[in-house]
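Chains here go by letter, A, B, C, D, E, F and G, matching the order in which they are written, and residues are numbered from 1 within each.
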Amino acid sequence: MNPDVALPVLIPFIAGALSLVFYRSLSVQRWIGILGTGALLVASIYLLYMTYTQGIRVMAMGEWAAPFGIVLVADLLGAIMTVLAAILGFAVAVYSLATISRDNIAYGHFPLIHLLLAGVCGAFLTGDIFNLYVWVEVLLVSSFALLILGGERAQMEGAIKYVTLNLLSSILLLVAVGLTYGMTGTLNMADLVGKLAAVENQGLVTVIAMLFLVSFGIKSAAFPLFFWLPASYHTPPVAVSALFAGLLTKVGVYALFRFFTLLFDHDVGYTHEILLWMAGFTMITGVLGAAAQYEIRRILSFHIVSQIGYMIMGLALFTPLALIGGVFYIMHHIIVKANLFLVGGVVYFLRGSYDLKQIGGLWREKPWLGLLFLVPALSLAGVPPLSGFFGKFIIIRAGIEQQSWGIVAVALVVGLLTLYSMIKIWAEAFWKAQPEAHAERAAQFTAALPTRSLVLMLMPISALALLTLFIGIGAQPVYELASAAAEQMQNPQIYVQAVLGDSQ
Amino acid sequence: MEPVMAIVVGALFATSIYMMLRRSIVKLVIGLILLSNAANLLIFTVGGMKRGLPPLIDEGMKMPTGGWADPLPQALILTAIVISFGVLAFAVVLIHRAYEVVQEDDLDKMRSTDT
Amino acid sequence: MSELVVSILLLLGAALILIAAIGVVRMPDLMLRMHATSKAGALGGGLLAVAGGLHFADTDVMVRAIAIVVFVVMTAPIAAHAIARAGYFVGVPFWDRTLKDELRERLDTRDHMLRSGLEDKPRE
Amino acid sequence: MEWVVTLTFIMLALSLLLAFVRLVLGPSLPDRVVALELLALITVAFSVVYAVHVDVAHFLDVALVLALTGFMAAVGFSRFLERGGTRDE
Amino acid sequence: MMGSLILRTAARFLLPLLLLFSLFMLLRGHDEPGGGFIAGLIAAVAFALYLFAFDAARTRQLLGVDPRLLLGLGLLAATVSGLPSILLGEAFFTAIWWPIDVPGFGEVKLSTPLLFDIGVYLLVLGAIMTIVLALDEAEEE
Amino acid sequence: MRLFIWNIMLALAWVSLTGNFSGSGMLTGFAFGYLMLAFVTRMSGETRSYTRKIPQVVGFTLFYIWEIIRSNVRVAYEVLTPTHYMKPGVIGLPLDSDSDAVISLLANLITMTPGTLSLDVSNDRRMLFIHAMYIDDEEALRRDLKDLERRVIELLS
Amino acid sequence: MLLAVLSGFILAACAPWLTRLLGDRAGWVLALLPAALFVYFLSWIPLTAGGAAEVVHYSWIPGLDINLSFLVDGLSLLFALLISGIGTFIIIYSGGYLHGHEYLPRFYGIMFAFMAAMLGVVLSNNIISLFVFWELTSITSYLLIGFNHEDKQARWCALQGLFVTVAGGLALLAGLIMLAGAGGSFELSELLNSGDVLRDYPLYTGMLILILFGTFTKSAQVPFHFWLPNAMAAPTPVSAYLHSATMVKAGIYLMARLNPGLGGTDQWLYTLGLFGAVTMFTGSFMALRSTDVKAMLAYSTIMALGTLTMLIGIGTEAAIIAALAFLLAHALYKAALFMLAGGLDHETGTKNILNMGGLRRLMPVSFITACVAALSLAGLPPLFGFIAKELMFEATLHAPAIATVTTVLAVISAIMIMAVAALFALRPYTGKLKETPKQPHEAPPSMLAGPVVLAALSLVFGVAGFLPVQGILHSAVAAVHGSPLEFKLYLWHGVNTPLLLSLLAVVTGLLVFAGWDRVLAVYRRLTFIDRFGPERGYERVMAALVWVAEWQTRVLQNGYMRNYLITILLTAVALAGGTFFIYTGNTVPFGTVDITFYEAVIAALIIAGAIVVSLMQSRLGAVATVGMVGFGVALIYVLFSAPDLAITQIMVETLTVILLVLVLYRLPRFLNLSSTAARIRDALVALLFGGMMTVLILAVLDVEVVAPISDQLVAWSYDEGHGRNIVNVILVDFRALDTLGEIFVVGLAAIGVYAMIRLRAEDKRS
């Protein structure tokens, strides 16, 4: 019995349920918000520690042995993802204290955050494909509700696309799960490793893999399935955008990693070639989309898409180094992208707009904010020695070793264009003088922002920036972690053995 | 029966997709209802269909008598039905609110959040 | 014996439902269609339920069968009433051979006020 | 017995088709709702007859629930109409 | 605005019947068709009928507690039902059964799965009533 | 009504205690509960009428089933014959009782009786409007309906 | 050594604070660090004598072969000395130039980071950490070039510089990774010893192109030279530093550094030699055309960079000696000249040389220093620039294969640079005093210290050529050549071809100087060439980028959800259906159909109902028909042994109807919005997707499943799960976690709905 595996799911569930029970008291909600995400952070770090030191952690729910019941499994990939989710959850909870309106808290901001985290952690830790579908739904519906909290026109319009396209993705996932059960009679991932290999019609297995690919491709906003993301991510409050930006697409990416290393590695030449093309187009279309934007959150949203391409590229190249790169990239990206949104939020609260044409003068006024922006922004663009550089370096090195010149070229060019967008934000929001036409509103917003709120906002931002620096400058331990995770991914038998034990 | 059900499921998918591709948001919601029905029936079909053998154990017995229909797909579908009901409830109210805010039933008029 | 009764009840019940279905297609207006469904349908369903109860020859099952009958008989008129009232309210047209309508002039569709016409007379 | 059940099924299947015809033809919403109510009833009937046919009493439970809650759809629709929903459907 | 007199009377009469029936479906669910979800839906239908016959305010009154609280309690109950086993050193959601032998009447099976099912029941009722009442109230405003 | 619920509660208590969550358990519980109620409340006038009602209900039910069968034949005939012989119309039926229960039960019973369909009750509860398939003999129809009303009032008094 | 490299970063972090603390003296105090570093690096000179090299290793990310290992030899030491030495004066100079500037604290911060990054580039032995520092110089120089950031022009120029150098940097990264792959190591010390392996690497040419793309952009070779003159938007001390010792020299450094490993091939010779020569010509040509003192110097830098590249390309012993001598000469005079130009700008308020004149009496020290430095620029004796130029002519004359081109271009360039030097030294200071925006007087000591010392060094090295050779040039040449070379530097080496060429250049150059006004007139008629310059190319590329971006966004992210859906669905069909077709062909296993008539009726009704729904004009009619489909599905569940499912389906269907009617009555009727063509298209997509699903189901049905896990669940249900309804036991026990998630979904949906409705209601009220 390893309770450590279940805690990252249970803690946010209980926090969410308690938060709902005390829906009347805003302060209780705030406290549960901080304590719950804090506890999650502790639990997830503990889980990662246990997984790193003791190998894959497994808990059969209800003591129903695998493959018959549902198992929660923490391999390093899952544990790493859980820690990242918890870090982000905690950061966003703190940030929310300063930025989320009373109304939004009264209508469930904090329980929704908890349950979103529960869904995300559940998805990272489950060892059962149908259970994965359930977790995906939990996080999806939480995100639906968070997305519309506020009820503005843009939120509604964005939500319709977000909801519809994500529902389509869930249905595809459900269909794929159903077909998998129809083919194999099992839902347990470890069990599926053997059962899928035993299916005589391997072509059909590849077909099912494609269904999973499309479904997770939508979730991870890969080309050509990403449309829902740029249409909606810029609409909710920025704390929520940050959480979405950091986490949601990563569930899709995680699932792609899980499925296309553990279950569908029977026809790599075909499946991963498709992934590679997908990765390339995802990078390009995303970064070009960003280049056309002048609103901070829209720019950042499109960049989520393009960055997903790098992660998928790591998976698609499918060499040990490439997988390490993929994991490393995910770790870096979650922190950095969320932080960029959070910084964007500070910009908004200081200027009253996200529109680059209406804002400016921040480098003159708030140089420390400029530095706090530059760290994640340059990291996203892959400027050394920040975290993004090493992610890109590993992946590109893997690409060069594989002599996949096309994708390497794309990855390099997209890095340059990413820098272009980040510099655009920098030059407009920070360097340019505040445009006169909007100076009055900017001044009002700056004056109306209490110092306490500003400090609360800067705490998570600074912490995430420090993490970014650490992942970059202290890349060695992070690299070791990623390579240990990749090694587990390379050897599905480790996973199978951990879950099914000797019965296999 | 299963091959026939395959066609039924295909037809449900086709009609639901067709509905979702209309410009009216109301049709979109109806499309979603059909879509989840289609997916549920798909699981039901590929899980194997048996007549008259519900997975229930008679009193005093320890196993269902005379065989059983696979209970697992049923449990999965139950979960899926409930989930899609929750999601649908959300979607229904969402279009309602979207209509109130935008005052348009036409999805083509809801483009402001893209570029 | 029991099997015979069950058979008869089954056929009768199904036939009544079929009649209701034919009625619902054939009858010329909403109200008349409802005459067919609320009666024939409910009775048919009831008979089938009783047949089911008898077939299993088990009190447990019989109780459930009777519950079905009761539920059907109890809810069918409520549904019929709701539809009829709403149908009338929104002005679903009557068959052109309808003889009289004492309700129409007493209904104010704006506030759903329905007068009895006896307002000035005291209740006995 | 077998032919009785078959005959019953034939009649029920016919009823199903006829109710569907009315559902499609309408013309008014209440007409469709009447057809839907009838369909619910036929579903009850099917469940009962099927229970007899396969000799599994559990299917009566389906009929039981539907018998008790089937009318709610009609109540809902009528509320829609009385609350001023579009009438000419 | 209230529904017709006939509907109101029917609702008053059917409500207890439906609630009772829902409880019945809840308790037998482990052995026969039914269970927390179906039972919760039936209870929700019962209150929805009452809502259609009367209005939101009276339905809230009848319900007694805010449906949001039911919702939260349901989730809490269901989650908590998985916890006792952890205290016993077993995995989350390991069922624990307390068969209580009542002299003269036989065995009553209390269990964590039952608590779980009750949580499901409360959640379904709470969630649907939250939605339905909110919608209805929005309409009345 | 209150007693009826009480009775059901007792039945429920019975099934929970016995652990027999089945129809027959419920029925047994209800029967035992009824006997208990009859015993405990035999002194009180209000409640005695409840315990006495059971036989009355059985009698009324038999009468009503017969009514239903009778009228079904007529509708069946109408549905199955190619020509429509109906003379439909809406008439108002003045009511004697203003009790919710009486009016509602009456309205429902009228609906379940073939040929007639309750539409609505006037806001002052004094008139029930009925759609009838045959109003060629309106007086006979009104007579039958008033007869039904009398029986209902009797049953529920 | 680690501290030496990183101390700049540490000081960068404290500099803003220190600057505020120290006030006016900040420049002098802060300059102590580079001065100390200079001394420290001087101490290494003996160790590198005779071409010796030392590697200092610190682990960083050993897993990725990225380490902070430093290679100290003549080449890196030469650069380190220039960076720290000139850096000392630049820091002092900045204190005067930016005296009282509100951003001076930040300026020092960035400046030190830049300096440290530069040191990192030239000292790194690990090519990835070299790249890390390389990119840091791009970023920090971006911040420096755009220092006057509220000026739009400055931002634009900074972006240009960044974009070009980072673009090159990325290519360089790829090239370096290939290099490591080819040479089997990330350490320069090892790579440079395996030159033969590298040159035989099958992808040598590609690797070389990538690396040179990086070095060319960084060191402003044609056609990437355009960013450098624009980088003058930076404050003058930055320009001085960038142009003399740092940034642009990083590219030169890397080419020189890699010469032993990659040089010596035809590709190397032609690419570097020709691009360098053309750059040399272009730089001098443009310098002569400029009237802005800083632009003149900037273009002359391009000339110098071209010369250096060309010499490294030529790669002969003479060329390498020439290159390093030229490099040193250029660093000394260019820093001095730029600082003087800044003095002029600072004192007169204008940069236009046409507006200055007669300043020699007001700024005598500046005038003399300018003359000395300009003589070195012009390559006249007795300055070190002369020695370098003579060596350069010597190298071009004996260049393999490209001698003619390089020599001709070198001479032409020398002529023009002669004129430029004369212009710079004489034009502002001689003639009549002109009216300038500010009242000029001599620059403060802080701004003169650098120019004077550096100009003096130019003179000293010229007269005593043995000094630099003894000091550092010898070991630097050894590092670039790969092995030590014996050579000496003299001002006078007899009358030979280089001397004659120099003479030609001086005379012609002075003539051009005399007739500069007429030359300018000619240039003005040539402005049309600007339209074809690479800078226009850059602007076109940027414009095209924005255009493509906007076009793509318009096309892909078009806001029509229908298009998104269609794209996704067709992707699914293409991937899953296409894969099916590829692997299984078009045969679909259609099993035997065992069906009763009523099942057929129900199946038909579901299909018919679904079709009716999609064609129906009435919304509520459609809802009712959906209800019917739901009943049909429930019947399927009844007929195939799933009573729980049937009940749930019915209940959910009922509640869905309730929900829809609660909501729908506010919504408008169905509108017929789509054209017939759209309907046909949508129907096709729908049929494709539906058909694919049918096929997949049929295919999966064909797969035999031996023992599904549910068999065990059935066996456990009563004994272990204590329940007879197996589905329910699964729901509340075997798979309770699913159910838990499921109810959370429902609860969440309810919260979302509640929030959507109530928040709106509150909006209305307020």
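The working rule: a contact is a pair of C-beta atoms (placed from the backbone, for glycine too) under 8 Å apart; a residue touches a chain by one contact, two chains touch by 3 or more.
The chain lineup, named per UniProt: A = Multicomponent Na+:H+ antiporter subunit D; B = Multicomponent Na+:H+ antiporter subunit C; C = Multicomponent Na+:H+ antiporter subunit G; D = Multicomponent Na+:H+ antiporter subunit F; E = Multicomponent Na+:H+ antiporter subunit B; F = Multicomponent Na+:H+ antiporter subunit E; G = Multicomponent Na+:H+ antiporter subunit A.
For clarity, every value in this text was computed on a predicted model and none was experimentally measured.
Steps from subunit D to subunit G, minimised over paths through touching chains, total 1.
Using CA-based centroids throughout, the chain positioned farthest away from subunit F is G. Just to note, of E-G and E-F, the chains joined by more C-beta pairs in contact are E-G. With centres defined as mean CA coordinates, subunit G is found 79 Å away from subunit C. Once the centre of each chain is set as its mean CA position, subunit A and subunit F turn out to be 62 Å apart. Rounded to whole angstrom units, the spacing between the C-alpha centres of subunit C and subunit D is 12. Subunit B and subunit G have Cα centroids separated by 50 Å.
Touching two or more other chains at once are residues 1, 4, 6-7, 10, 31-34, 37-38, 42, 45, 48, 68, 71-72, 75, 79, 82, 92-93, 95, 109, 127, 131, 135, 139 of subunit E. Among the residues of subunit C, those in touch with two or more other chains are 20, 22, 34, 42, 60-61, 64, 67, 74-76, 78, 80-82, 84-85, 112.
Shared interface positions of subunit A, i.e. residues touching 2 or more other chains, are given as 13, 16, 20, 61-62, 130, 134, 137, 141, 144-145, 148, 151, 160-161, 164, 168, 175, 179, 181-183, 187, 227, 230-231, 289, 292-293. Those chain pairs judged to touch are A-B, A-E, A-G, B-D, B-E, B-G, C-D, C-E, C-F, D-E, D-G, E-F, E-G. Residue ranges on subunit G touching subunit B, taken from their complex, read 553-554, 557-562, 565-566, 569, 590-595, 599-600, 603, 606-607, 610-611, 613-614, 619, 622-623, 626, 629-630, 633, 636-637, 639-645, 648-649, 652, 655-656, 659-660, 663-664, 666-668, 670-671, 673-674, 682-683, 685-687, 689-694, 697-698, 700-701, 705, 708-710, 713-715, 717-719, 724-727, 730-731, 734-735, 738-739, 742-743, 745-750, 752-753, 756-757, 760. Against subunit A, in their complex, subunit B makes its touches with residues 20, 25, 28, 32, 35-36, 38-39, 42-43, 45-48, 72-73, 76, 79-80, 83, 86-87, 90-91, 94-95, 97-98, 101-102, 107, 110-115. Contact residues on subunit C toward subunit F in their complex (touch as defined above): 16, 19-20, 22-23, 26-29, 31-32, 34-36, 38-40, 42-43, 59-64, 67, 73-74, 76-78, 80-81, 84-85, 88, 94-95, 97-104, 106, 113-119, 123-124. Against subunit G, in their complex, subunit D makes its touches with residues 9-10, 12-13, 16-17, 20, 23-24, 26, 29, 32-33, 35-36, 39-40, 43, 46-47, 50, 58-59, 61-62, 65-66, 69-70, 72-73, 76-77, 79-80, 83-86, 89. Put simply, subunit E touches subunit D in their complex at residues 1, 3, 7, 17-18, 21, 25, 32-34, 38, 42, 45, 48-49, 52, 139.
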